[in-house]
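Labels run A, B, C and D following the written order; every chain starts at residue 1.
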Amino acid sequence: MNQPRTDSPTTEATPPDIVRAAYMELVVTDLAAAREFYVDILGLVVTEEDETAIYLRTLEEFIHHNLVLRVGDEPAVAALAFRVRSPQDLDRAEDYYRDLGCDVRRSAEGFVRGIGAAVRVQDPLGFPYEFFYETEHVARLAWNYERYGAGALVRLDHFNQVYPDVVAGAAYLEDLGFKRTEDIRDDDGITYAAWFARKHTVHDTALTGGDGPRMHHIAFSTHEKHNILYICDKLGALRRSDCIERGPGRHGVSNAFYLYLRDPDGHRVEIYTQDYYTGDPDNPVVTWDVHDNQRRDWWGNPVVPSWYTEASTVLDLDGDPVPLQQRQEAKEMDVTIGADGFSYTRKGETDHGFKLGNQV
Amino acid sequence: MNQPRTDSPTTEATPPDIVRAAYMELVVTDLAAAREFYVDILGLVVTEEDETAIYLRTLEEFIHHNLVLRVGDEPAVAALAFRVRSPQDLDRAEDYYRDLGCDVRRSAEGFVRGIGAAVRVQDPLGFPYEFFYETEHVARLAWNYERYGAGALVRLDHFNQVYPDVVAGAAYLEDLGFKRTEDIRDDDGITYAAWFARKHTVHDTALTGGDGPRMHHIAFSTHEKHNILYICDKLGALRRSDCIERGPGRHGVSNAFYLYLRDPDGHRVEIYTQDYYTGDPDNPVVTWDVHDNQRRDWWGNPVVPSWYTEASTVLDLDGDPVPLQQRQEAKEMDVTIGADGFSYTRKGETDHGFKLGNQV
Amino acid sequence: MNQPRTDSPTTEATPPDIVRAAYMELVVTDLAAAREFYVDILGLVVTEEDETAIYLRTLEEFIHHNLVLRVGDEPAVAALAFRVRSPQDLDRAEDYYRDLGCDVRRSAEGFVRGIGAAVRVQDPLGFPYEFFYETEHVARLAWNYERYGAGALVRLDHFNQVYPDVVAGAAYLEDLGFKRTEDIRDDDGITYAAWFARKHTVHDTALTGGDGPRMHHIAFSTHEKHNILYICDKLGALRRSDCIERGPGRHGVSNAFYLYLRDPDGHRVEIYTQDYYTGDPDNPVVTWDVHDNQRRDWWGNPVVPSWYTEASTVLDLDGDPVPLQQRQEAKEMDVTIGADGFSYTRKGETDHGFKLGNQV
Amino acid sequence: MNQPRTDSPTTEATPPDIVRAAYMELVVTDLAAAREFYVDILGLVVTEEDETAIYLRTLEEFIHHNLVLRVGDEPAVAALAFRVRSPQDLDRAEDYYRDLGCDVRRSAEGFVRGIGAAVRVQDPLGFPYEFFYETEHVARLAWNYERYGAGALVRLDHFNQVYPDVVAGAAYLEDLGFKRTEDIRDDDGITYAAWFARKHTVHDTALTGGDGPRMHHIAFSTHEKHNILYICDKLGALRRSDCIERGPGRHGVSNAFYLYLRDPDGHRVEIYTQDYYTGDPDNPVVTWDVHDNQRRDWWGNPVVPSWYTEASTVLDLDGDPVPLQQRQEAKEMDVTIGADGFSYTRKGETDHGFKLGNQV
């Protein structure tokens, strides 16, 4: 069954040892349009491709790919794939999710090119997660500056997932071995979003409170901020500035510099740089007040409504769309913008409509 | 009389040979608050100061100041000052504006500290212009990197003036020897804004169509884009992000990278970098379509309404506010946003509400 | 005994689980001069200080310090300290090094302020290593941009150690749990240097072949390359450019952008940014040919002889200088520069004196 | 006759009103190799080309070209071309140089494609100068970010000429209307180099003391420093790092960030960014002490000997090489490096061998 579970089963089984967010499999409706966006404009490197799929990687990557574009009838996300530490972790993943009562599939040859034995599950939140260790090594192009464009994408940084119950979702991810680094809450104890890491950055994935399960965005890293500004300049030159949804700007959460784009199918892509090291076992968790107008954009620039409301459909293991559950708790947009919402730049003061806010 | 002239008198007199925009005299209501903003936050260099005024310059400047902050009861602009090529140009300025029937005052000692003999006029548009050659030379701090902050302001770049009739205003500035570099028009022949240069950049001043005469902004330059981003980061750290009005972003017009701030009195300050060389006699004029959504922000990010509607009062030579004339022609905000307005990213297409546009 | 061991004893004991390079304790002869260099010029943050010692940290750090400056009669290194994953790792460290026959000291209160229980050893190579878990948490200043200078140091990145026998030294570090990421060799199988990581960067420490044990450098990270360039500009403004020993430049090894400074006591400090992610278990090791003229500087700029020959004395646990052993194998400088050495830009070609090479 | 004059004739004639350094005509021996260097590697834009010549421009240029590469038997410089303010300035140029007794040629069609009527002279120093006003306008690609590489060259900034007698050469250039901005001297009154501007930057051309007349370099501008660093990274990736002769670094003179390359024929190309505004009539001249070790490189990095000794042959109007005159006065390299030379970082101190100095 593909109906996501609303209770939270637990297990004594050992979770797989997740190394990092490794790749996402996206279903796109027009492969040529997607290729133009990800290859010609963003400069991702084609590892291989055929008439139905394109396998792309970042410049510093040595595994086969960080993104698979597969043609299909409806835009969707087929898999959020994580690399694990050893082949044995596939057994752990299989046992762990079976104990959780999830749909679990294992393939000895892997589900996509360039990846070996892998386990795919529809997790308790309804997301299609993949775990793999085996992968073809390809050339790490870190030193191939002749292939760097002015907006060079050097790493896959993280995923971001939309889910109604952030508290329950966080409990699942923390059981799975993810470490919380930051979150957004209010004084009533409501959690609006939370960030979770395995590698030594602010996150490998995050939960954004909202109707879900849906995929909010995939994020790629650049070395410097000017690389991100250049991507905007180039989109302007190509008369594609309307694919810039939000930013560029500085995040409060993560302290990273960011830009959000929408691909031709509406999938959201973040370009991201310069968060901080989180590898210590006692790395302090940073909690932000949902009413702090600098939490999402440190400069207080407004978050566009579409960023809160739109996200990508995720598929179950049969390739069917996973139905949405509504968020029951207050929504971040509602409590921060408009009639009933408010935000402040300085704690204690209430802004009567921050930038553009009076129109939002 | 301080009523700006609505006809456009002309003169056969030789205009003064203007070198560049040199400094602005701002009236501020709280000198300590203004000092915190311009010195502590923006890092302008104090050449000298007393209890009633502060004389500030940029790091690469060698004349006495680029900005005078003078305490007063109401925020206003007392002078837009231009440097001329020789002492003789003061005589030219005096004759030129007398021929135009303007109020003209000459001071052998200068109107402010650090400036020698100068001529101040209320020009035909109603603006208080100053012309001077003599000035105290002070240390050019270009090599004093120990004084550079991460958001170092290195030059005064330009002024921007609000005036109802951009065509008439442009004729006056072009007669005065300014060279038009860019403008914004529509297919009906309406001009919404225009840019004018003496030094080899895109402008020393510009006219923005609107109720005027008013001062729209003063702009300082940084060396690189990251310097501007840092100013935003610092304002966030100081919980002053609400003084960021618009940007950062890339201008279509001028191709420069920009940020707009509002000082504690509401005076608008632009931080600006990397426009292009315009020194050739046949430098091509760039005309933008008012409906081109990339003209004001190359990335298509929205212009906040306050940027179109708010500006600083200017004073006549007696220190009295100059009354406003209403713009008679269509206003840029009206024709680009909302019910009757439209913009496009790609010529021929009409965006149904660009970013945040549906709320604006 | 403080004579480093030349054989390589092994142990079946479990090594401590090292998280990262955490801090270095430096002995400096003039505390005021050292403070001017590290605080006034480089902008490290003072956590606390007294007349005999200063405790410094980087802007993104949350543990008590990354550098201790302690006044003493002779410049030296008292400790290279690594953070471990848990308090239990102190027991592992103690047992592990006792098995190796090393001098081991444990302090329940810690050896320096801000650090709790710790184990210090003189390791088999002769270096004073510290392992600790407990530390005072201090404010992570990542968001405090008002404290960022134009050359802001945000993280401690790594140590670099000089040791005669890189092969033996590498075996010890790999047994201890470090993962090799890169090395420099020749066709005769000689290893000239190697890099070793615990956190997900190219290294937490490295071995440079030479007379040792000595400390080659400590490295701090900036966010971007312009931050490093600014440090050079500032040193020029302060007429301290002679403390720039090498660079700035792009490393071949690590692909990072670098600068080497010498502090007032001659201790070498690297400023470093933008290496690559190495956290995967099968991260590919990069091996460089010692004759490749781009291995140390990707742009082929010469390495100054002092960089190869000079390094800091290390102290044993009694505070006495550890005597040096001579490197027996060929030295990198000898095989690459001058009469018997050669380098190439393109494999197969031999440069007859690369830049300045004819003088070196 | 093509023997440069050693006396300095003067004239009462009015010199042409020079706007800026506009283009250089280079003779190269392998057009394909030159095209690879200037187009494929440096990214200059091809305006047009045939089997014997390539016409190149920078991204912000609107005149036909900034560089002409013409195939020939020996590497040389055929023209240093300056744009003048009006067609009438060609008459002034013709009269001015005839009065000076120079070889003067005028062409109604122009000497190269894309340039109209022009005057070429062999000036009193022996250099082939061209003056022109008419030129084909081509697309200014400032907004065409899709064509920007990571090392984008946006403007031609200046020329640099080698000549024995800097004092006599400076007198000639100042008579011609150039304004001195900086120079390098010693306490004995010897001038080693000087910089001269027409546009509002530090220079349109400069004189470097040495055996001449020869062409020292042509300089192109980037927007930011990282663009220059990228060019080095790319050259490393292409295994062409040996064409990096000096830098990157920060100049003392001009305060600009720089890099010097050598093209396949040995012609020197500087990549340059961020000098300061010099457009005021009383812009202060900056004089540097030849013994100041930060004058040429603000960071005190050594100047390679080839930079002082090597330069390009210039041709007379018949296309024959102009014979060299030896510099009679002390040479900058001799007085600053080696046995008889010295430099200081701090006035009053003498460095005993700055970086690499002991080898130089």
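Note that contacts are C-beta pairs under 8 Å (C-beta built on N, C-alpha and C of every residue); 3 or more make two chains touch, one makes a residue touch a chain.
Not measured: the values here are computed from a predicted model.
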**Request:** If you tally contacting C-beta pairs, which comes out ahead, B-C or C-D? Let me know.
**Result:** C-D
**Message:** If I average the CA coordinates per chain, which chain comes out farthest from subunit A?
**Reply:** D
**Prompt:** When the centre of a chain is set as the mean of its C-alpha atoms, what distance in Å lies between subunit B and subunit C?
**Reply:** 51
**Request:** Let me have the rounded angstrom distance from the C-alpha centre of subunit C over to the C-alpha centre of subunit D, please.
**Result:** 42
**Prompt:** Multi-chain contacts in subunit A: which residues touch at least two other chains?
**Reply:** 143, 224-226, 233, 236, 252, 298
**Message:** Quick check on the complex: what are the subunit A residues that touch subunit D?
**Reply:** 143-150, 152, 224, 226, 230, 233-234, 236-238
**Fill in**
Given the complex, residues on subunit B that touch subunit D span 19-20, 60, 62-63, 83, 85-86, 137, 140, 142-143, 154-155, 199-200, 223-225, 252, 255, 274, 276-277, 279-284, 298
**Message:** Quick check: in the complex, which residue numbers of subunit C touch subunit D?
**Reply:** 224-226, 229, 232-233, 235-236, 239-242, 244-246, 248, 250, 252, 257, 293-294, 298-302, 304-305, 345-346, 351, 354-356, 359-360
